[in-house]
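A, B, C and D label the chains in the order they appear, each numbered from 1.
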Amino acid sequence: MSETAARMPAPAEAAGPERLIYFSDAVIAIAITLLALELPTPSGGVHGNAGVLGFLGEHAAEYVAFLISFAAVAMHWLIHQRLFRYVTGLDGRMIRWNLLWLLMIVLMPFTTKLLTSEVDAFQVQFTVYAADQALAGLFLVLALSDLRRHGLLKPNTPIEAIDNGTEFVTAVVVMFTLSIPVAFVTNWAALCWLLLPLLRKGVQLVRRLG
Amino acid sequence: MSETAARMPAPAEAAGPERLIYFSDAVIAIAITLLALELPTPSGGVHGNAGVLGFLGEHAAEYVAFLISFAAVAMHWLIHQRLFRYVTGLDGRMIRWNLLWLLMIVLMPFTTKLLTSEVDAFQVQFTVYAADQALAGLFLVLALSDLRRHGLLKPNTPIEAIDNGTEFVTAVVVMFTLSIPVAFVTNWAALCWLLLPLLRKGVQLVRRLG
Amino acid sequence: MSETAARMPAPAEAAGPERLIYFSDAVIAIAITLLALELPTPSGGVHGNAGVLGFLGEHAAEYVAFLISFAAVAMHWLIHQRLFRYVTGLDGRMIRWNLLWLLMIVLMPFTTKLLTSEVDAFQVQFTVYAADQALAGLFLVLALSDLRRHGLLKPNTPIEAIDNGTEFVTAVVVMFTLSIPVAFVTNWAALCWLLLPLLRKGVQLVRRLG
Amino acid sequence: MSETAARMPAPAEAAGPERLIYFSDAVIAIAITLLALELPTPSGGVHGNAGVLGFLGEHAAEYVAFLISFAAVAMHWLIHQRLFRYVTGLDGRMIRWNLLWLLMIVLMPFTTKLLTSEVDAFQVQFTVYAADQALAGLFLVLALSDLRRHGLLKPNTPIEAIDNGTEFVTAVVVMFTLSIPVAFVTNWAALCWLLLPLLRKGVQLVRRLG
C-alpha cells in the first residue's frame, strides 16, 4: 500500500482546508493593514491647520485609493470566507490557484502605491493596478471552479452560493479588464468600476443561457 | 430548496463566527505592532547620553501617543474577545460593521503618526485622531447591537455582559466625540479623555432611564 | 441570575485561553519578523565585493543585535507555549499582564534599533534595551504567578513545569536588571548576559530555600 | 511522580503541534507579505508612461527576485503544511530546528533586498542569498528527520510522503549550495536553479542506493 501511496499525485489530496484558510487569512490581514502604512502624513514645510488641510486635500487621491484597495481586499476575504466553509478537501491544483491569488493580494499595497505616485503616467499606473485586481479575481474564480469540478465541496453545499460568488468575482474580473483599454482613451477609466452591478447581471445571464 | 437558497439574503447568514474572529485578531495584532514601527530613533546629529536623552524627551509626545493608541487598540480587542465568545452566527450586516471597525483600527497607526507630526495644526490633527477613535467605537457598538437584535447570541448569554460592553464603548464614543469641539477651544482637549469613568456612569443612567 | 451576573467581576473570568494565545502568537510573529525589517543594506556609495563585505562588517553590531532579539522573542514564545497549554481559564488581571508583556515585545524592534543606532550613547541605549527585556520577563512572571494563585491551571498540570519556566524567566529578569548598572561602568555590560545559567541556579536555590 | 517530571527533558515533549504550526504560519505569512514592501516605485524625476515603463524595466531584477523569493517561501510553506499534518507531538530539538528555519525565512526579505541592491558585488550578494535559502532548507530537513527518528509521526503516516518531501528539500539545499561556488565563476549562477528536477532525481537515487 505504501508503494501505491508513492505513485499517488500528492499526499495533500486528502488534506483538510483549515491550514490553507488560516494562512490565507493571515496574508490578507497583513496586506490590508500594510495598505495604510503608505498613507502620506505631512512633515517639514507644512504648517498650521490650513496647511495640513491643504496637504490632505492634495493627497486625496491616495486616501481614496487606500479605501478602494481596502474594499477590494475585504471583498476578496468576504467571498473566500463565504465559500471556503463548504470545502472538505484540497488538491494540489487548488492550492496553487490559492497561492497565486495570495500573490496578487500581496502585490496590492505595491500597485496601490504605484497608482497614486506622482509620475504622470496614468495609462501604465492604471493598467498595472487593474491587471493586479483582475488577476486576483481570475485566480479566485479558477480556485472556485476547481473546487466544483473535483468534488472538494461538502455534500450539502448550496450550489447557488458557489454560483453567486463565482458570478460576482467573474464580474469583477470583467470590470477591471474592460477598464484597461478605456484608460487609454480617458483618465476617467475608474468610472468603469461603477458598472459592476450591470456586469454582474450580464455574467448571470450569460451563464444561465450558456 | 436550492431555488429558495438563491433568493436567501446571503449564505453567510448561518456561518460560525470563528473565521471573522480569527481575521479580526490578525488585523488587530498587525495594527498594534505597526504602531511601534513609527517610533522615532535618534540618528545623525544626535550624540552622547545627554543628546539621546534630549532627543527622547523632545519626542515624548510621540511615545505617549504610541502608548495611548496601544491602549485603545488593546481595549477594542478586549471588548471584542469578551463579547464575541457569545456569538453563534453571523449575518452580512454584522460582518460589514466588523469590517468598518477594522478599517478604523487599520487607520490608527496613520492617525497616531499624524497626531504627533510637527506641523503645528492641533485642531486638524486632534480631530482626525479623535474621529478615527470615535468611529471605531461606533462601528463596534453597531456590530454589538446588530448581534442582539438579530438573535446571533448563544441562548445562555449573560445580557449584562453585552450591556456593560456596549455601555463602555458608547462612553468611549461620546468621550472622543466631545473632545473634538473642545480641541477648538484649548490644546488640552486630550484631558477630556479622563472623563471616561464619568461618561460611563452617564451612559448607564441614560440607558436605564430610557 | 442575570442580576448576579451584572455584579460578577467580569465575564472574561470563565473564558477559554484560546483567543488570548492566538492573539499573542500573532503579535509575537509580527514583532519577530519586523526585527529583520530594519537590517541595514548597502546602497549608494558602497561598491564591489570588498565594499559590501566592509559594509556588512561595519554593521556587524546590528546583525548581532537582531540575532539576540530574535532569540529573546523566540525564548518568550517558547516559554509561553510550553506553559499556557496548561491554562484552563483567564481572569482580567492575567489578561492585563499578558497585554503588558505583549507591549514590551512590540517595543523590541524599536529598542533593538535604538541599541545599535550610531549615537555614541551606550548607557542610555543599553538601559532602554535591557529595561524592555527585563520588563517583558517581569510581566510574564506576573502572568504565570497569577495563573497559579487563581487556580487557572488544569488539575493535572506538572507544577515542576510551571516552576522551571518561572525560574528561568526570573533569571532572565535578574540578568537584564543587573546588567543595567554594569553598563555605567563598562561598555562590555552585555557580557553579563552570559551569566544566565549561573543566575538560574541561584534563582532555583533561593526559591527552594525560601 | 512530580519529582520524576522535574527530571524529564522538558514538558514540551508531549505537546501537540498546533501552536507551533500556527506560529510558523503567521511568521511565514508576514515574511511573504513584507517581500513586496520593498518593491521599488517610481518617484521624483520619473515622468510619463515611457518614463515609468523605463523605470519598471530598469528594476526588473528586483521584481523577478521578489517572485523567486515569493515562490521559495510558498514552497517552504507547502512542504511544511503537507508534512506537518502527520505530526502528533513535538520535542525540544524539533522546535529548535523549526525556529531556526523560521529565522532563515524571516531573513528572506533582507537577503532579497541585498541581492538586488545596486552595489556591484555579485559574489557577496548571491552567496548571502543562496546561503539563506540553503540553510532554510537544511533546517527543514533536520526538523523532518527529527520527526522520523523520534516517533513524532502518526501511526498511519505514509512514509513516502515524508520521504518525497525530504528528498525535494534536500535537492533544494544541494541546488543553492552548488550555485555558490558557481557564482565565483559566472554571474549566471542563478541558472543552476534550473537543475532542481535533475538534482531531485539524483537525491532520490542516492537515498535508494544508500
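Criterion: a residue touches a chain if its C-beta (ideal position, glycine included) is under 8 Å from a C-beta of that chain, and two chains touch if they have at least 3 such contacts.
To keep track of the chains, here are their UniProt names: A, B, C, D = TMEM175 family protein.
Being a predicted model, the structure only gives us computed values, none of them experimental.
Here chain A (TMEM175 family protein) and chain B (TMEM175 family protein) face each other with different sets of residues for the most part; under half of the interface numbers are shared between them.
It takes 180 degrees of rotation, in steps of 5, to superpose the Cα atoms of chain A (TMEM175 family protein) onto those of chain C (TMEM175 family protein). Chain B (TMEM175 family protein) and chain D (TMEM175 family protein) have CA centres that are 37 Å apart.
Centres computed as Cα averages put chain B (TMEM175 family protein) at a distance of 26 Å from chain C (TMEM175 family protein). Residue positions 22, 26, 30, 34, 37 of chain A (TMEM175 family protein) each touch two or more of the other chains. The touching residues of chain C (TMEM175 family protein), when paired with chain B (TMEM175 family protein) in their complex, are 2-3, 5-6, 10-12, 15, 19-20, 22-23, 26-27, 30-31, 34, 37, 95, 99, 102-103, 106-107, 109-110, 113-114, 117-125. The touching residues of chain B (TMEM175 family protein), counted against chain C (TMEM175 family protein) in their complex, run 21-22, 25-26, 28-30, 32-37, 39, 41-43, 46-49, 51-53, 56, 70, 74, 77-78, 81-83, 85, 158-161, 164.
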